[in-house]
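What follows is chain A paired twice: with chain B in the first complex and chain C in the second.
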Partner chain A sequence: MKIKVVTAVWCHACLLMKKRIKALMKKNPELVFEMIDLDFDEDKLIGLEVGKILPVYFVYHDDVLIKRFVGEKSIDELEREILHAD
Partner chain B sequence: MRIKHTFILTILFLVLFALPVKAEERTIHLYYFHAEGCSTCALETTYLEELIKADTNLVLHSYELAFNEENQKLARDIGTLLGQEIQLTPTLIIGREVIVGFSEGSTESRIEEAIDFVRTNNVRDVVGEMLGFVKPNEGVDIVNQDSTIKIPFLGEIDAKTVSLPILAIVLGTLDGFNPCAMWVLLLLISMLFHLEEQWKKWFLGGLFLTTTAVMYFLFMYSWLSITLLFGTLIYIRWLIGGISIGGGLFNFNRYLKMEPGCEVVDESKRLKIRDKLKSIYNQPVFAVAAVGIVILAISVNLVELICSAGLPVLFTQILSLNNLSETQYILYMLLYLLMFMMDDVVVFVIAMKTAELTGISTKYARNAHLIGGILMFILGLLMIFKPAWLMLNFG
Partner chain C sequence: MIYLDYAATTPIDSIVSDVWVRTEEEQFANANSRHILGQKAWAFLQMQLSQMAELLHVQKENLILCSSATEANNTVLKGLALKYPQKKHIITSMIEHASLIGAASSLEAQGYEVDFVDTKEDGLFDLEHLKSLLRTDTLVVSLIAVNSETGILQPLEAIAALCHESNILFHSDVTQAMGKVPINLKELDFASCSAHKIYGPKGIGLLYRNDDLSFIPLLHGGNSLSPYRSSTPQSALIAAFVKALELSMTHQKERFEKVSQLKTYLLDQLRSNPRVHINSNEHSLPHFVNISILKTRPEKGIDYFSSCDICLSSKSACCGQDEYSASVYAITKDMERAQSSYRISISHLTLESELDALVEAIERMPYED
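So, the complex of A and B:
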């Protein structure tokens, strides 16, 4: 499973989530996260519907987008959102 | 018919009998110290003259202090008697209560409450005894200490335990959680990480924070000056009370609707600031970069000031109600500012020490909206209906 996460350096919730994502990656090595910066990775944002709230998560299964969700989450919530994305 | 008349007469008799007989009211002496040429005194004099006309049991004793040496000595003696020096005009003494300064609406209600207290509790008139206006040892020697405020859900709170320093700390902290200008600081810090020399990182970041603090202080000081000039006007107080109530409702709405995450700042504004920061970062001459940081901080804070204007405006208005000295005003504003800047400074120092940006959970910002909203709403109501309760300087 691949997850693209759109964040920003000025977003407190994004900074918190980066640490939680690292912890989740340790727990679930099969999950692949790609961090995209809203202000500095403009080319990677093409085709992504970012919206009004950060961070935004795009969950892909076999390169097909299966879920989009937003906001600050606990590690458990994040894991649940991703693993039950289907 | 006769029965009907008898019934009506009986009712009338009972009603008349049941009506409380107005007790003979004692004379209450007001001791008023004023100065010629003092515009605030002129306002209070007009008010007191009307009050005396309306209530024949009040007697006003006026003492001019600017030119009359005898009255100056008297003021010193009375100050010694009450344990509170009379240094400013206008000063009004009712019972044992000393009311310094005059603000239309707020001081008026305080004076009326003091008169009611003296009347209801038959308070001893120690000044009158000293001056020979009343017989010695008549009445009860008590000071008005009823300062409890009933707040919904929180119960009774003693206003005397809520002092100006506490208010400065609470409002400043809540204001600090307002993330309006914080995002620019975070963006700046993320760029500072790329600088090699440590001192340049500290200097540029510190410069941004210092400029922000100076801007905020100047804003508060200017607003305080405006309220001190025009704050006695009841409409100004109502306006600020209204802004505070509106701000409270706005904050409460933000609390209800705030999603656990960051709202994306308007794209064009965000990219403009990012490009400015990039150009500052790429600037080969360090002094020019420093000037760029100052200009950026000023422009960002000018725009973002409106975002949290409610709280500092409310705080300075409360300060102005308390008739403090210039130094006290400045110290209270600095305390507010210290709390306001605290989270920015903490984030900056941690980032510089650990070379990593630390985030603060949005739940804190959300709770700050709730607490700030409730506080602003209550303080706004008090500003309009009970301004005397906002005089928290109990000395």
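So, the complex of A and C:
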């Protein structure tokens, strides 16, 4: 499962979530996270519906987008959102 | 136009702008030049630094003039990281200015771990939680002095004492506090602020460092006013900053009383409106009135007030949870209030008639679906 996460350096919740994402990656090494910077990764943002709230998570299964969700989450919430995405 | 967004920036005081223009005309020489005009400009700037140091009750060697509080925040975090590469842990909060978060994010990308101090229901930082986060490899604790949404003033001296018990450096962004309330800079290790929040010009900020504390500079060059920040000294901006600081310090008490009276006047009227809830609390500076207007959304509400010729703000333009103010939720535990909050920031320049117009506009404010 691959998760693209759109963040920005000035975003409080994005910084907070980075530690939680690292913890989740340690617990679930099969999850692949790709961090995308809203201000600097224009080419990687093409086709992604970012909206007003950061961070934005795009969950892919076999390269198919199966879920999009946003905002600050606890580690448990983040795990639930991703592992039960389909 | 009614301006009620003084926490975002302030109009320059005409006395300050006169100093700015006069200095630009009379002290245009490069203060680093050896010739007589350069020497005069240098002497002029030394006098300005001495005056600023006297106003802030510190030594002039403690003052590092820079372009903004954003630069000061970046400089202290990144400069300390360069100086102490073995310390890879930073403590901050969710109510910091975006520039502090930006600097911390940049370090996180280089392998630093960042922890956030909780706030309690009264909006003050949870010092027990802070204590539990302190580590031997903590590089710095950086916590803002005044929440820019609610105006809640944090107990800086208690935070500093807690950090110092563990020999950990404490930095505070005091931008929203400077000029409004007395600040004992000597209790802090580092502090950031800017001139444009105290009726001075944009483009000039200050990083204070306590005696004997240092970091690796980010801008290297000639040893100008400070070895910690090289560049040709901006004489006119510095003189204007000093004048703005002098005015804000000289008139601090009377301005504080005037703003307190205006806040009371506004709150007395707002309390009669059942749609309005007051979010600022007893720890908030009088310059900040944070309210929730139920059944409205700030993204449209700000446009509505603009159509009434009133300028104010909602929560800091950023991100995070589902479009609610984390600062307001922390002190109200009410999601509807957190999703409908507005920041009215007032000044000694504010008129009662302007507040009357705001109250009328709130009463006429359309409901959102």
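Observations on the model:
Going forward, the second predicted complex is superposed on the first by the 86 of 86 C-alpha atoms of A that agree within 3 Å, B and C clash if a C-alpha of one lies under 4 Å from a C-alpha of the other, contacts with A are read in each partner's own complex, and residues count from 1 in each chain.
By definition in this document, a contact is a pair of C-beta atoms (placed from the backbone, for glycine too) under 8 Å apart; a residue touches a chain by one contact, two chains touch by 3 or more.
Remember, it's a predicted structure, so these values are computed and weren't measured experimentally.
More chain A residues lie in contact with B than with the other chain of the pair chain B and chain C. After overlaying the two complexes on the shared chain, residue contacts for A:Val50 are found with chain B alone; chain C is out of touch. Look at A:Asp39: by the touch rule set out above, it reaches chain B but stays clear of chain C. Looking at the shared chain after the overlay, A:Cys14 reaches both chain B and chain C. In the superposed model, A:Glu79 makes contact with neither chain B nor chain C.
When the two complexes are superposed on chain A, the residues of chain A that touch both chain B and chain C are 8-16, 18-19, 52-55, 70-72. Against chain A, in their complex, chain B makes its touches with residues 179, 182-184, 186-187, 189-190, 259-265, 270-271, 274, 357-363, 365. Taken together, the chain A residues at the contact with chain C in this complex read 8-16, 18-19, 52-55, 70-72. Considering their complex, residues 8-19, 38-39, 50-55, 70-73 of chain A touch chain B. Partner chain A is touched in their complex by these residues of chain C: 94, 96, 98-99, 101-102, 104-106, 108, 113-116, 318-323, 326.
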